[in-house]
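Given below, in the form of structure tokens, are the structures.
Two complexes are shown next, each including subunit A; its partner changes from subunit B in the first to subunit C in the second.
On to the complex of A and B.
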């Protein structure tokens, strides 16, 4: 049971990184970003590109990979999402879906369709005993990095001037714009940062889940479950949702594997019916 | 002026003759359809299938003194797409046969095979039904089916003392084949079976399932996990959690060779309970060696399980065409029923009054080679398990009524 809880916390930390970005982008621009999973995959590939092209070590690659993805995401936002932002939500949904296919296609074109294994970096490639249970050190290290970065994002949103603007637009875009907040520029910035978070999660997850063009698909589905459960645009809800989804998958996988996915979707469906604005009631009904 | 006119006319006539000749050559080629996966995570499997067919075509063509031209179509691993593309291959490309299909495509084509009316020789389809209760006049199979693999798995357990004494656990995907494999392990007399868990098909994190095997004290884990990325992830994570240090991993149908190379030394913790093919069979069978050498020269890598199998299917089809003396579909089917050929997976023929090839399975552990061969450093040891043991009854007894 303990190992399953630990697994849930580790996976939850990855989900938190990806779902925070999804939630921020929706809160700010009402963009349901289906390309988020592809940006996660791009993080994995940016990592191996840095490691192989420059000969950098894993940790330097981990630092640089999101920085490579951010400008690409900003360009995508300016070219493909910005011009249609005032159209109905379904338009941006379809565009980001198409973008996702294009990014995955681009990855396949450049790196091929094969899977790449990346061993955990030394000295994190060993096993440690946690309360008498063997557990890979790398998973604990990756979860710590994810949680640290997620906490930093939440602190920035809560206490910085930029965070104040983001919250203002999420709560009341019309009033915030009337008070001089530049929503367009902020959305571009947030889209880039959200992509950076997804890329970081992809790079962190690479030694665990392997790198392949479709690697973002499953985490995208789980991240959407998190965001829907927590409330669209609610960051606090995303925190609860990420760990709920991850722990359900992990503990469910350990004890009722065949039913865990069905149970998860049932909870989300039930949550949507009785509390469509998420666990804290602060989300939006799109 | 007249001379100039004659020269122009002559040139035009020559061009027309040449183009007519070219067209005659193109029409003269025998078109063979290859319907396989060409994109997505399973593309490496499709790559191996296609490479095997290309190699066999180079080695065993021309057929009936006519060049063989492959028409490749993407199946998307999707039943509807497979039917559409197969129909296109038959109606537009006029193919004389279809190769390269996997389980999803083959099951879909069974329902339209009579309408398509060309022989389909599959080499990558596990579902037993294809050549048992759903067998069809047009659909042949060269790879061993799931229930044959079950027999070889039971043989492996009986013949290996280490496995007989082990505590067995199944970690598989949540679908019927996994449960069939789990059931076959449980069916071995006096075996200690300590548990099983079946993961959803979209599983990427195997940690909860590995934790269950560990807590059950498993020392042998059978892993009926989908070939490709999921199996790679599972073995990598089993190694990460130290499961490979305490338990032997048993793959019910072996590992593709591209996956073995990616796993490297981790693959030495795996035993195959019944691969569909193994390139190291070349140590006992010259036809495998001959094929491996041509394959390596053409593709620069070792011939994987799917390549050896698809090449064998192509070899069977081409030999049947030769025996039939024409590309008439009915004649090819009749020839396929009786043809017997040395292929890269052994001497093959189809079951009398059936559609399943009497093909061996290959048991054995994965190990490091003394010296790299064909670019491979790790490979399965190939101990053949004959079809007489895995498929002892007649086609009719297995439910095939043609």
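On to the complex of A and C.
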């Protein structure tokens, strides 16, 4: 049971990285990024590519993988999302959905459909005892890294000039633009950074969750449940939602095994009956 | 109409009625033409593809009712299709392969599931609904993988017998094709009547603006709920036909790629037109047959086509046609 809770916290910290990106991009550009899971997978494969092609170690790969994905994501935003910003919201949904299929198909084309396991990198390949339970130390280290990164993202949003602009646009796009905030450029930047966060999560999680072309889909579904639960575009909602979803899933997993996603879905569905705008935030429904 | 109605109103109504009758005749003639194909030397393989295309067309039309006519963008329309397939296939294998009985069971299962799920889902609209619908289908996918006692996990349900209709076994081939044509034509006619009815007009009002529709006294949630359930039920008919055609089904019938497939069929043909999805489904099946050399390549190609269609032809083939139609009008006014 204790291990389940610990696993939930670890998974929650990864979900937080991916849902923060989803939430930011939605808040800024009303873009629901269906390709977010594919970018997460891209992070994992970029890690493999760097490790195999350059012969670099895990840590270098972890650093480089997000840096490889960010320019690709920025190019995607410029080519596919930017030109249709004036169209109804649903068109960007459709495009990112197609992009997701393209990226996953491309990964399968280059790397095949097999699952790759990565051993936990060395100083963190040991097992520790947490209250008498064996636990791989890498999970704790990875969770700390993702929590640190998430915290710094939230700090940047809250206290930096860029963060101020992002919050202004999320609050009232028209007014913010009238005051001279360049929404387009900001969206490109944030889209790239959100993809970087997803890629970091993918690379960081590779030794825990294994690498697979469809690895992004499960975490995308969970992240979607997080943002729907927390309210679309609400960062605070994402934080609470991520840990709620992860803990529900891992604790539920102890009782329902493979049915834990169905159980989680039921919980979220009941939450939505009571609060259609998101259980925790004053999120937007449409 | 009431006696006090102005003459112009009568004329408009008559024109409307004429248009409806013409469209109904068009559907019947189209179905008859399609039904004649096996008898004029069209090869069996093409007939098989056409059968698949028509089943997909039924499915795409059901999505069109929800997305095109009511404005509820669903990324999880594989759910009704796959669920219907599993229910019908399991029943046909374990109890009786009677088509009506299997279909009835499939529809009962879908009703039992779609009523509560729809009750929740319709509270969301726009992007949130789209996300939620994807989650629904993905949860069904995971259940289909996990519930091995019934679904046999990733291996899928195999060994579904040939369907029987009134005691006669229907062979996959010409007989099954004719059955599919009949079903597709009936559903097309039915949906056409539905979208032209006052109920259908109400859906249009909801698509245009939910809040305004509510403000003039339309029960938006009730209508969306009904549409959700009807749409799933029709998708279940398609799923039932498909499980008999393929003699089985796998969890992949519930996968997000399938939801994307049906969406691109409807969009490619043109949302909000019943004929669009039929053309879209046919194009899709024949294109996939040409392009398939490997699953990865297909998925990559599918993604490229999907993005290209949405970027370049946002309202589909039907949109291009009607756009070309309205251009002279715009030029004049």
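As a convention for this text, the second predicted complex is superposed on the first by the 276 of 286 C-alpha atoms of A that agree within 3 Å, B and C clash if a C-alpha of one lies under 4 Å from a C-alpha of the other, contacts with A are read in each partner's own complex, and residues count from 1 in each chain.
Everything that follows uses one rule, which is that contacts are C-beta pairs under 8 Å (C-beta built on N, C-alpha and C of every residue); 3 or more make two chains touch, one makes a residue touch a chain.
This is a predicted model, so every value here is computed, not measured.
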So, after the overlay on subunit A, do subunit B and subunit C clash or fit? They clash
Next on the checklist: On the A-aligned overlay, A:113 touches which partner chain: subunit B = first, subunit C = second, or both, or neither?
Outcome noted: both
Is A:32 touching the first partner subunit B, the second partner subunit C, both, or neither of them? second
#### Entry: subunit B versus subunit C as contact partner of A:87, first or second or both or neither
second
According to the stated criteria, A:261 is in contact with first (subunit B), second (subunit C), both, or neither; which is it? both
Key: Partner chain in contact with A:102 - subunit B first, subunit C second, else both or neither   = second
- Pick one for A:221: touches subunit B only (first), subunit C only (second), both, or neither. both
Counting only touches as set out at the top, which of subunit B and subunit C does A:272 meet: first, second, both, neither?
second
In this superposition, the partner of subunit A with more touched residues, subunit B or subunit C, is C
Report task. Figure out whether A:68 sits in contact with subunit B (first) or subunit C (second), or with both, or with neither. Result -> neither
Among 8-16, 98-106, 116-124 or 152-160, subunit C clashes with subunit B only at 152-160
Both subunit B and subunit C touch subunit A at residues 108, 113, 221, 257-258, 261
Subunit C contacts subunit A in the complex at 73, 75, 117, 119-120, 123-128, 130-132, 134-136, 138-139, 142-143, 145-146, 256-257, 260, 263-264, 267, 295-307, 310-311, 314
In their shared complex, subunit A is touched by residues of subunit B numbered 39-41, 43-44, 174, 197-200, 202-205, 207-209, 211-212, 214-215, 228-229, 232-233, 236-237, 240-242, 258, 262-263
Contacts from subunit A onto subunit C in the complex sit at residues 26, 30, 32, 34, 80, 83-84, 87, 89-91, 93-95, 97-106, 108-109, 113, 217, 221, 224-225, 227-228, 232, 257-259, 261-262, 265, 268-269, 272-273, 276, 284-286
As the complex stands, subunit A meets subunit B at residues 3-4, 7, 10-11, 108, 113-117, 120, 127, 134-136, 138-139, 208-210, 212-215, 218-219, 221, 249-254, 257-258, 260-261
